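I am attaching a structure below and will ask some questions about it afterwards.
Note that the chains take the letters A, B, C and D in the order they are written out, and that residue 1 is the start of every chain.
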Amino acid sequence: MDEYISKIRSGDLKLYALEKSLPADDAVSLRRKYIEEETGADLSAVGTYTIPIDRVVTRNIENMIGCVQIPLGVAGPLTVKGEYANGSFWLPLATTEGALVASINRGCSAITKAGGTEVRILRDGMTRAPIFAAKSVAHAAEVARWAEDNLLLLKVAAEETTNHGELIGLTTYTAGTSVFIRFEFDTKDAMGMNMATIASEAAAHLIEEETKAKLIAVSGNMCCDKKPSAINIIEGRGKTVSAGVFLSDELVSMVFKTNSATLAEVNTRKNLTGSARAASFGFNAQAANVVAAMFIACGQDPAHVVEGSNAITTVDLVEGGVYVSVTLPSLQVGTIGGGTSIATQNACLSTLGVAGGAENPGDNAKAFAEIVASGVLAGELSLLGALGAQHLGKAHRELGRGEK
Amino acid sequence: MDEYISKIRSGDLKLYALEKSLPADDAVSLRRKYIEEETGADLSAVGTYTIPIDRVVTRNIENMIGCVQIPLGVAGPLTVKGEYANGSFWLPLATTEGALVASINRGCSAITKAGGTEVRILRDGMTRAPIFAAKSVAHAAEVARWAEDNLLLLKVAAEETTNHGELIGLTTYTAGTSVFIRFEFDTKDAMGMNMATIASEAAAHLIEEETKAKLIAVSGNMCCDKKPSAINIIEGRGKTVSAGVFLSDELVSMVFKTNSATLAEVNTRKNLTGSARAASFGFNAQAANVVAAMFIACGQDPAHVVEGSNAITTVDLVEGGVYVSVTLPSLQVGTIGGGTSIATQNACLSTLGVAGGAENPGDNAKAFAEIVASGVLAGELSLLGALGAQHLGKAHRELGRGEK
Amino acid sequence: MDEYISKIRSGDLKLYALEKSLPADDAVSLRRKYIEEETGADLSAVGTYTIPIDRVVTRNIENMIGCVQIPLGVAGPLTVKGEYANGSFWLPLATTEGALVASINRGCSAITKAGGTEVRILRDGMTRAPIFAAKSVAHAAEVARWAEDNLLLLKVAAEETTNHGELIGLTTYTAGTSVFIRFEFDTKDAMGMNMATIASEAAAHLIEEETKAKLIAVSGNMCCDKKPSAINIIEGRGKTVSAGVFLSDELVSMVFKTNSATLAEVNTRKNLTGSARAASFGFNAQAANVVAAMFIACGQDPAHVVEGSNAITTVDLVEGGVYVSVTLPSLQVGTIGGGTSIATQNACLSTLGVAGGAENPGDNAKAFAEIVASGVLAGELSLLGALGAQHLGKAHRELGRGEK
Amino acid sequence: MDEYISKIRSGDLKLYALEKSLPADDAVSLRRKYIEEETGADLSAVGTYTIPIDRVVTRNIENMIGCVQIPLGVAGPLTVKGEYANGSFWLPLATTEGALVASINRGCSAITKAGGTEVRILRDGMTRAPIFAAKSVAHAAEVARWAEDNLLLLKVAAEETTNHGELIGLTTYTAGTSVFIRFEFDTKDAMGMNMATIASEAAAHLIEEETKAKLIAVSGNMCCDKKPSAINIIEGRGKTVSAGVFLSDELVSMVFKTNSATLAEVNTRKNLTGSARAASFGFNAQAANVVAAMFIACGQDPAHVVEGSNAITTVDLVEGGVYVSVTLPSLQVGTIGGGTSIATQNACLSTLGVAGGAENPGDNAKAFAEIVASGVLAGELSLLGALGAQHLGKAHRELGRGEK
């Protein structure tokens, strides 16, 4: 091993290329050793991973030195009545933030007692928006027009790069001489960013050839990937999902120790007025907590928590109770590709019955989206209730600090 | 074990309370078994964790059933010239998205060749903003005034709840009868949300007593926690950090196979104009990717990627090259508390030399913030270069799909 | 007259109904007299208006007491090379802010020297978005689906209320149980808000009948009328227009006493980076000044300055000079209806050759939009130049304070 | 006259300089004649203005050719119970949009029946934010620090340029190498933009000298002037004002033909949820209509409608009725300077008793701000009521189209 390390130091061996000369586990082990020597840190903990990594080192990561282990908990059972997910689910939640699983669990309990969440997917499409430089605003208008008029040609070019993806539409935007073509794809059970990137690049080259506009970048930030943005909220990206549930006055009182009018007031003052006053794009209590915990558990791209957690929470005062809902305009999920086939993540998806591709392609990703939205609703309900009853601080004291 | 499971089914044993009657590993094992029976999923992969969990089950998670393992890679060495972090670092990156580590690595290489990142922390303070209901706009004005006039009293009340935290200021906002008091704390090496929540609650009760305004919630969404919001961008939350580096024309050409003017044009068209046109709060290429990978590796709260990834990337054309920078207004990090003491996460922090509390409290968290910002700069540089050279699609084809 | 005033005081005569019993000028005069007595103010100045008001009191205002006189200046000649406006124009500008006309004038001069503005209209459509309350998220999905599936029926219902307007599309959005149907109309030469409101109301009633969703309001704030909003920036409202011009290095130097690189740097730092840092929706220097002055001169709705002034200004460094552009995504203008037929406003529209309805309906409004966008470009150029040369303060001292 | 026109054509006489050789009215007349010849338009209507223009041509406008006349109506009486405005007011409203004055009038009636508006000014300060280019992020941090540490020096430099203005604070922001120093001034009864610009320029030059950062522009778009921006909403610009009123259930029913719960539901669904879903910064129904009409009547800068109309409207369900409020974070008004001394505009200010400078400088501008906010509340109430009762379309049909 020391010999290898000498070669790395001397530059004869590339740190990133160890997998070419060694079995994966050995390469990882050697690289970790090297980093330990370089930094003086003890990395044995990250070295005791137990997942198979042969595919991981070619698909999921480079320069691997081991694994981080994230505690996994469950909340549930949660009754979900969607069009793709229908039944009772235990939510896998990977987190290190004490009190979170307990909070979601309380929400699941309330929802299940109330008969479950109604869920609907309102839109579905993964987007990528190349940016082109035109010569003038007139040229920019022509480029946009050409793309709009030649969707079929672009569809052919794009779909030659993929076995499963379909280009389902495009929208054009300009800012002076910059032209953005926002392509939208049906990526079935895959989250689909890579597929969309590759297919968009092919389409972009066709646009470049035909219009003589210069391709600046295959992503022009109107996609809009992993940045908070109004375009994703308004147009959607990935799945746009709503989940709702009616809670009777009795249930609110029993589970949350508060009443319907208070739940509505907390939501209006905090989630709507407070977020408005903060010029926020997020009108919810803790959507990001749930989305992050489920995404990490289930092998989703955690940077997609940025848009995935966009959510509006509403509480309608209705006859005999409240109708509470969340709407997530840009939930980007997949059950194949990315981290979904890693052993532990795949197990989490299996818990929900959505691992891998569905018989009817796309149905697993949709079912997963419905479950995530239902989980977000559970988190909202629970936190709204806790805030209403002013118990947040207390809950954190007990759970977050390890007190009993 | 079956006996226990029967008891869970019958309700005689609470699923969440198993740790009260069993050692932690046994409780987790039993609960996992139960969930396997409930869902029919094989959860053995999540059951083969290797970290010690006695503290984890009391502090980091409830209803634990095992661990998810996230591949961990390194990028570096990255030279950082901050006021708290100074030296050469290997960035720990936990991710399942192929090509990401390689991308950051290329950026680290360019930066290190250029002599390293300059980094500065411009502001520092964790915030929490309780919301109160006043009786009228006149009453709301009085409540806000009272809080502004009684910072010292509030400081005493808040600091009674914490050993280390300090209330360093407050700002008031109103929207009609809703009054928001945004408290700002110095939380030293802790990220500090729990500390800030508990301290704010104490201060909020004092405000309630003195002004007769009604405390609606200890968080009124002007904090603004885990939601994209302008208030965090403008006022800051956690640390506001900038990292920058000068790259000579030669270096740009050598490392990125492009030129300075193109780098500047890509940044202006994509990161500035494109994000403006998308009505985005994020003016960067991939800050969230780097922040997410470092946060998960290092035991940070991954839902904080939402605000942590707020970033503006700039490319100045200067004499002989470009000066490239990122500014992250709301990076919320800690080196104690949360997930930082879990074995694998702690090892990652150790790699950077910032695990635990610093001799001068706060210095470790600041050093970590400087390193994260430098890593974000590496990611920006690399992706800007790749986009400029229009290699993004190709890179994904090779790495993300496991091709060679 | 005193007798009338006594009746007003006693309630026998309604202040707002004077026009029913008196000629318009007398009614206005009497009402002014009454207000003078009520307030003690001398209102003779507002009483010396000279426009005919018979139609004004029935169409443009209620409770009229006279007129406010706004100074009107001109900037020009401005060469415009649009698809609807082609030629040389003198821009009518109503303002009370010293230095504004001079500033725009300087921009016109530069543009005209450079050969004129290229202008293109990229989209066109006036929107109105009624909001409905559904019973559940499932019902909300059905309502949205019904509307999408029944565009033709809705078109018939909407167009029965108007002679000229056409319903050209709709988009649906939901937030929990709230359903927004954003209708888009071609309103020809009219700005078209009233037409769109009335037609949307008819369509909304049909939706209400067919889906049993409850119409909450004919405007649900996703229109989005007279509020800054991303939806108008991204989707457009009214006309989306771009104007651009190439300025050679010589021209930049001659007219603005600065150079191309400085113009580009000022734009990048101020209009792009500065606005990004302020979390602004406006990436321009002074679009609102030009839009407001032209809108007031030409009888447009001045509250539409809010969205009409949404603008991104770009400065591209190109071979031999700069290409400067503005893009206005939501310019809402008309040449018939609203204030456009009032004598002084109509004269201003005549100056531009766009008063009243065009032979090909819609062409006058489009020509006007192209001219306004060109005027905005003039204002941007001028202020960028002035800022670059750091003369802004000086210009204000000389003009704004009446110094010579 | 023809002789002059010949000279203009030949370039011997500058169109903008006619006032140097002719009395103001003659210069204006001659210029108008020239434009008539150039454009073929009949401009007699704009030539029959009646206001004195000697000062107008030196202070308010350049290249003047006459005046536009805007119909002026009144709404009221409106009872206002502010700290600066206290009594009964008739609101002057200049508009060409039928139905607007009637709508506001109905709101005034409801408010006055309810006893009047409570109003409070929560903050006050006009801002200007120069932008500097630093050499590096480290230099940027130093520049920001220097400015924060030298407020007193900057105050002296700034205040040397003004007789009345006071520099009351500054905030610093950076984005990479761009440094923004947001100065805040007390400008008393003036709106104060010019004063703030000139004073900021002086301070900026001192910063430039001391720090060697390069002044890019005296306005760096973080001011943020005449652009929709979160910074003005959060930090305030000009005056931050709230107005509120309690309406009993009986009053709601009597005046608006609806009930309290419906008012609250319309506000939550439309003004809060709808605006959230549109990613809007404006959470109100028609604030811009009222602000624009009052601003034009009273000689304010109409481009300030952009920020002046930022408003959140709230409806609290309370015991026995509703408490309705508006909060305007960035209302920029003045009673001296700008267009306030023009005869007709001054008359409008006189109607409100706030023309000119107050005995206690600043009190008139504050009183005016309180009245505007109260007027906005009247408009909100009226439109919420009308929408609730679904009468908006009908109202427009009757008033906007001149039907009886």
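Quick note on the criterion: a contact is a pair of C-beta atoms (placed from the backbone, for glycine too) under 8 Å apart; a residue touches a chain by one contact, two chains touch by 3 or more.
Values in this document were obtained by computation on a predicted structure and should not be read as measured data.
Comparing the contact residues of chain B and chain C by number shows a mostly shared set, over half of all numbers used being common to the two copies. In whole angstrom, the spacing between the mean C-alpha positions of chain A and chain B is 16. Centre-to-centre, using mean CA coordinates, chain A is 42 Å away from chain D. Chain centres here are Cα means. That of chain A falls 39 Å from that of chain C. Within chain D, the positions touching two or more other chains are listed as 133, 173, 175-176, 178, 230-231, 233-234, 265, 273, 275-279, 281, 283, 312, 314. In terms of which chains touch, the assembly is arranged so that all chains touch all other chains. Note for the complex: chain D touches chain B at residues 118-120, 122, 133, 135-138, 140-141, 144, 173-178, 230-231, 233-235, 242-244, 246, 279, 312-314, 316, 323, 325-327.
Touching chain D in their complex are the following residues of chain A: 230, 233-234, 261, 268, 272-273, 275-279, 281, 283, 312, 314, 317.
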